[in-house]
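A, B, C, D, E and F label the chains in the order they appear, each numbered from 1.
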Amino acid sequence: MKTLKFGIPKGSLQKATISLFEKSGWKINVNGRSYFPDINDEEIECAICRAQEMSRYVENGTIDAGLTGLDWIEENKSDVEIVDDLVYSKVSQEPARWVLAVPADSNIKRLEDLQGKKISTELVNFTKHYFKERNIDVDVEFSWGATEAKVVSGLADAIVEVTETGSTIKAHGLKIIYELMQTNTQLIANKESYKDPWKKTKIGQIILLLKGALRAENMVGLKMNVPQDKTEEVIKILPSLNAPTMASLHNSDWVSVETVVDAKVVRDLIPTLISVGAEGIIEYPLNKVI
Amino acid sequence: MKTLKFGIPKGSLQKATISLFEKSGWKINVNGRSYFPDINDEEIECAICRAQEMSRYVENGTIDAGLTGLDWIEENKSDVEIVDDLVYSKVSQEPARWVLAVPADSNIKRLEDLQGKKISTELVNFTKHYFKERNIDVDVEFSWGATEAKVVSGLADAIVEVTETGSTIKAHGLKIIYELMQTNTQLIANKESYKDPWKKTKIGQIILLLKGALRAENMVGLKMNVPQDKTEEVIKILPSLNAPTMASLHNSDWVSVETVVDAKVVRDLIPTLISVGAEGIIEYPLNKVI
Amino acid sequence: MKTLKFGIPKGSLQKATISLFEKSGWKINVNGRSYFPDINDEEIECAICRAQEMSRYVENGTIDAGLTGLDWIEENKSDVEIVDDLVYSKVSQEPARWVLAVPADSNIKRLEDLQGKKISTELVNFTKHYFKERNIDVDVEFSWGATEAKVVSGLADAIVEVTETGSTIKAHGLKIIYELMQTNTQLIANKESYKDPWKKTKIGQIILLLKGALRAENMVGLKMNVPQDKTEEVIKILPSLNAPTMASLHNSDWVSVETVVDAKVVRDLIPTLISVGAEGIIEYPLNKVI
Amino acid sequence: MKTLKFGIPKGSLQKATISLFEKSGWKINVNGRSYFPDINDEEIECAICRAQEMSRYVENGTIDAGLTGLDWIEENKSDVEIVDDLVYSKVSQEPARWVLAVPADSNIKRLEDLQGKKISTELVNFTKHYFKERNIDVDVEFSWGATEAKVVSGLADAIVEVTETGSTIKAHGLKIIYELMQTNTQLIANKESYKDPWKKTKIGQIILLLKGALRAENMVGLKMNVPQDKTEEVIKILPSLNAPTMASLHNSDWVSVETVVDAKVVRDLIPTLISVGAEGIIEYPLNKVI
Amino acid sequence: MKTLKFGIPKGSLQKATISLFEKSGWKINVNGRSYFPDINDEEIECAICRAQEMSRYVENGTIDAGLTGLDWIEENKSDVEIVDDLVYSKVSQEPARWVLAVPADSNIKRLEDLQGKKISTELVNFTKHYFKERNIDVDVEFSWGATEAKVVSGLADAIVEVTETGSTIKAHGLKIIYELMQTNTQLIANKESYKDPWKKTKIGQIILLLKGALRAENMVGLKMNVPQDKTEEVIKILPSLNAPTMASLHNSDWVSVETVVDAKVVRDLIPTLISVGAEGIIEYPLNKVI
Amino acid sequence: MKTLKFGIPKGSLQKATISLFEKSGWKINVNGRSYFPDINDEEIECAICRAQEMSRYVENGTIDAGLTGLDWIEENKSDVEIVDDLVYSKVSQEPARWVLAVPADSNIKRLEDLQGKKISTELVNFTKHYFKERNIDVDVEFSWGATEAKVVSGLADAIVEVTETGSTIKAHGLKIIYELMQTNTQLIANKESYKDPWKKTKIGQIILLLKGALRAENMVGLKMNVPQDKTEEVIKILPSLNAPTMASLHNSDWVSVETVVDAKVVRDLIPTLISVGAEGIIEYPLNKVI
């Protein structure tokens, strides 16, 4: 039997990823401290790896495919197939981005001002490369986290750090002067594995269902009763991609209209629907939207 | 941009209220100890206030609208617009009510017997007013909770206390001899704010969706297959407000009947539906019922 | 008013059973350490009993009906009505079974080799009877759990123990040489009670809804849009028991097809449906499938 | 190297026992679900067993010695050496005792009234023997806990149950009519093991230190300064077993008096000491009192 | 038998008080939600009351004595005997004090500027009285906590609030302009009770031991070996109230010096002692220092 | 006022270090996520840094002194003053050591066999240097933890990893073939700072008290009564560094002997002391042993 070796990112994304797989139809059971959790699909073998190292494992074929951030693919300069982009739901609305920050009162205002300076970051290779391409000579040093403190303590003149809202950076008395990269979770595959038709199909199935489950987190089913002569008007208001489903009501000249909409618009949509004549509106939850 | 300032009651109702808003379509994010939580609607500003003080804030216009109990509106004699009544789901079925209680072996049997006596309560103004209206002269003293203990210890002859089931009162050796008021959560508005058409419409949207989410907690969707000739019989049994939705089954003279019913009746309804000929009955959860 | 006395098994099954009743439409409220929890149905009185003793209570009429394992019915040789079999969802896929285990290096290979030996078990009567029927003379002794340790310490030559995967038995250096019984949760009734038409009907209602809620845990609703001319092909693929519901889409020659399927097949079904031409596929959760 | 196999009782006593051993000078490290915890003494091997079965393991030599209750030694009729009695500190002051209880309104008033009746208990053998000795013919049935409910439900006429304060028995509507046995934790040894001088000495060391640590939980060190001429008076008041230690104070005609007393008497002792002239009284905690 | 009724303050002080009593020699056992916890002294009956109401209970004789803050004694204008002052150990070093605070940018700078203004506080009576004495006419309104928000929202011009470090007040954009009172935990007694010699003695015993246990939290025993000829020098350095205890060392011309010192000075004291010639210094914990 | 900047290691050692400082006489209060916790000594400023980076901060003078492992000092090749070695109490008795491990079935048996191979480690610089010194050409790659998995997955031929018992390494199917370094917590200082007499004295005070508190964790006070004529014999048995303290007993020819011993020997010492004639032995806990 063929199997696909799939990498789950360790740490902050691990729980969210396992929960997303469960919504997609796969139960992953992490037994204690093992790096190889069980999954209820004989065609998949799971492995847990740090997001920072995932693309190295995918590149050398230890695993066929996996989830990691664009940032660490770049940092490792890994030669892998980027199959798709997954937008996890997050607390903030901002994308994660790697930025250059300096003390709030620093004279450093542009990339060029860093000539000859020291930069502290977890993303050493990417940062070196970024400045080299721009012919700016900088000294990049590896930081084990708490990177903001490096500037405060004089170990560095600037930092390259990941942030969503910028609030931690600000709280340490620093200001962002430049954005180097936006990053997001990617599903990546080993290039050889991706040429194998069976593996490509299996990866396609995983992507299809992961994205269906992610989409369902932000969508709901909506169903309402509408007088026959108001149908056109109601349907024009509905922001659904597909045409709504129509059914009749028992012994009545009303019809039932059912569709799927973005959960965020419901609170504004319902008052409008009522004003046009809809009644008996119900909203129900969805597991998957493909 | 116009905004509506809305008050969330602190304490026991806070968590239930925030969860109800989430079901209604608004995420409220309480950041630590701040009184001003974030909400994902640019048209609303939230504030957290004690239920006891909410109507004072609404009356003086600090906030435009808010949720509080009828009891504290009365206690503060606040001149506010009572917009609607919200029945939260509770553990017990009994309404919350403010009652007069005395020692189980007391001679005090009616309101009149309290002439010249001492009453301990959190609801001082309301209680004073209540007895004054009835020309009974009593001495009402403020209690910081644990009001039942005031009678036991001789600090008071009777208490006016809120209760659902009466069990705490009974457990302290007291008996209820009179009910002064039933109370429930109210959505109230500042009178000036409520004259502003934009604010009135916004308040209307909040009420509509809060009540839709509350209703959905106790209702479910029900769908079943019915032989064509039993349709009338089945529909007669269904306790739904609106006419049910009818659809055909593939290559069959059965029809699909779908409706929304009170969750409590389902366990008795299903055996009856089966006895009349329904099959393939499914029940599904609802987020909102408007 | 008539009432049915119903037994809830204590311990590991208690939480699962109460949660199953809630999904079925009954709220059971366990107040502290009382053996008689509240239930929101005036026709039922609940009692909590150990699964090991349930059938003795049902047999002597202390309770009319209850849930327990087949193993303990056999152990108690209780003369009760076995009404139905309930398959709770479990971590493993294996059935629970009572097996005979001996040290991995033992010479005991068959039941007959136990002649004159000592067996330790929690299921004393059943084990005695099982060997007596086969004319094998053994000494069966009661064990308070940790039965595997009895063989290691020389207190017994073999054990009869319950297991799903066999891993605990293996971890103690033992091997399974024989399976005596498979067991599962049963709904049992007192024989007299079951002759009472009212009680029999009430028990039937409970069974119907418990099984409907259990079934819904593993099933989902599936709805999709299909081009008119692909309908037959799509329906042939759908593994649903009942004919799917058909409805029209607004101003379109596509149709809506809706059905209920096993949750486990969805991850493989969706790619197939797409390949045949289905679109706008949504999956939604179910509370009950009758 | 010789080793002593020592049994730690599982369940409610386990934590208290391990903590007592730690105070006595031995660290026991329970690793997960193993029955054989580590101990930092190469001369001891630990095993965890249920208190109910401990004496059977000690009798058959699986372990050399262990801690269990007198009740279970009697129940198992185990032929073991009872080395010493350990009084653990408990919430209540009452000893644990096995009592006979019947419904509060029962006609059963004496042991003799149970002739021909059914008794439910966890202590089957002991109870059978107890009534046989008194020539009372009873039917004793094993109960899996919740024994009080057996009488309420008609499965038994009386129970034999363990209790400290009697409150659980009373709460089930039963009354105690007879006390069969008082029980306490015992250190027991296998008879052969106890004849081995090395093992006897090792058991003696364990007993000595366990009792020293238990005693220290209820005792404290007390030290005070006393004018030379009040020494005799102060010493007469001190309830210490051993003569107090005397030392001089620097450049003074006061002396320092130091002793060990029961912690419970300190609150009454200190005011008395002050009244006689003691000053600078300090109390300090003890780890062991041998 | 005579008993003393003693009040334990509810809420934030409750746990600290019960723990202090335990160190003093009394175990208080709070059973669930009862206001009357058990205590292992037949001469005391405990009651739990809110600190805000304690002095009213003491004044009317419901309880003989209790612990509460000076602030609430003043607020209730209770006529009680203040027996002693207890300094609990706290996180901050600052005393708790009731202060007057106004918006940071307010024109109000002195008490007099509040003439005709509105003040929000939990300490209504005390505040009214304080301003009346100074002939300043203010409107004082009761606040249910979150008092700082009253100014921000326009419900008040100033607040009177309790604080240790002032940080909460500052965090709400207010500034402290005046301190009205410092407060601390007091042991108070009913005046009649305090005239009863038995009760006075019992209260004296409680005070003596509570203060002894409080003192011991900040003190330690210190013992060291000193060459005979350095004794005077060492003793001069020791900051002990009482003369140290002297003992000889075995076969040596060194002496042992032992005393009790403030825990805070130890880290500076030890290097000094070493420099003068002390050796073998040990520090040990204390339970009580009387 | 002069201050000493002192670094507390973040992560697993942080809690143990703060607790050790508290026993030594300094309270460190970590406020949320700040890197600069409060300490109750105006002469010290604390900073929290990762152990991996501590020596870089000390070397460049950001902090004057701090605690870190010998391994990370070597890794960073930091030019700092190593002031003292601190042995924290640990679960295992083994020292932490960095070892070279390969698959259990590997042909690699000695350092030399790694010629041309790939090594994965967190300690990149140290490992490179170690092999270079021995003229073995290896490719050393940085690992973000879970280093054992690097070999299993083929990313490396060997790992250099820290371990106490070797059990994690073994559990991943690897074997240890060489030990490169033993490591322990060091107190290090900046070389310039250590030349400043005030700072050197302050560092000396910290070391003195930290080591005093560490020592006290494993030592206890022991006191006993001995007949005058057995004194010499008892004292010979006592394993104390300093001569014991002698005092007389009241009206008796016994003496009191008091000393400090290693907690581990007590369980064997007490039976011996009794056999020689000692009585009334008590053991008491210590806070510091200098």
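FYI, a contact is a pair of C-beta atoms (placed from the backbone, for glycine too) under 8 Å apart; a residue touches a chain by one contact, two chains touch by 3 or more.
All of these numbers come straight from a predicted model, not from anything done at the bench.
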item: Joint neighbours of chain F and chain E, given as chain labels; value: D
item: Target chain D, source chain A, minimum contact steps; value: 2
item: Chain of greatest Cα-centre distance to chain A; value: D
item: Of all other chains, the one whose Cα centre sits farthest from chain E; value: C
item: Chain D on chain F, rotation in degrees - Cα superposition, rounded to nearest 5; value: 120
item: Interface residue identity across copies chain A, chain B - same or different by half; value: different
item: Chain C and chain D: spacing of chain centres that average the CA atoms, whole Å; value: 43
item: Averaged-CA centre spacing for the pair chain E and chain D, given as whole angstrom; value: 39
item: Residue numbers of chain F (touch at least two other chains); value: 247, 284-285
item: Chain contact topology (line, ring, star, complete or other); value: other
item: Those chain pairs that satisfy the touch definition; value: A-B, A-C, A-F, B-C, B-E, C-D, D-E, D-F, E-F
item: Touch list for chain C against partner chain A, complex; value: 220, 223, 225, 247-252, 254, 256, 263-264, 266-268, 270-271, 274, 279-285
item: Chain D-touching residues of chain C, taken from the complex the two chains share; value: 10, 35, 47, 49-50, 52-53, 56-57, 60-63, 143-146, 149, 153-155
item: Chain A partner contacts - residues on chain B that touch it in the complex; value: 24-26, 41, 204-205, 208-209, 212, 216, 221, 231, 235, 241-247, 257-258, 260, 284-290
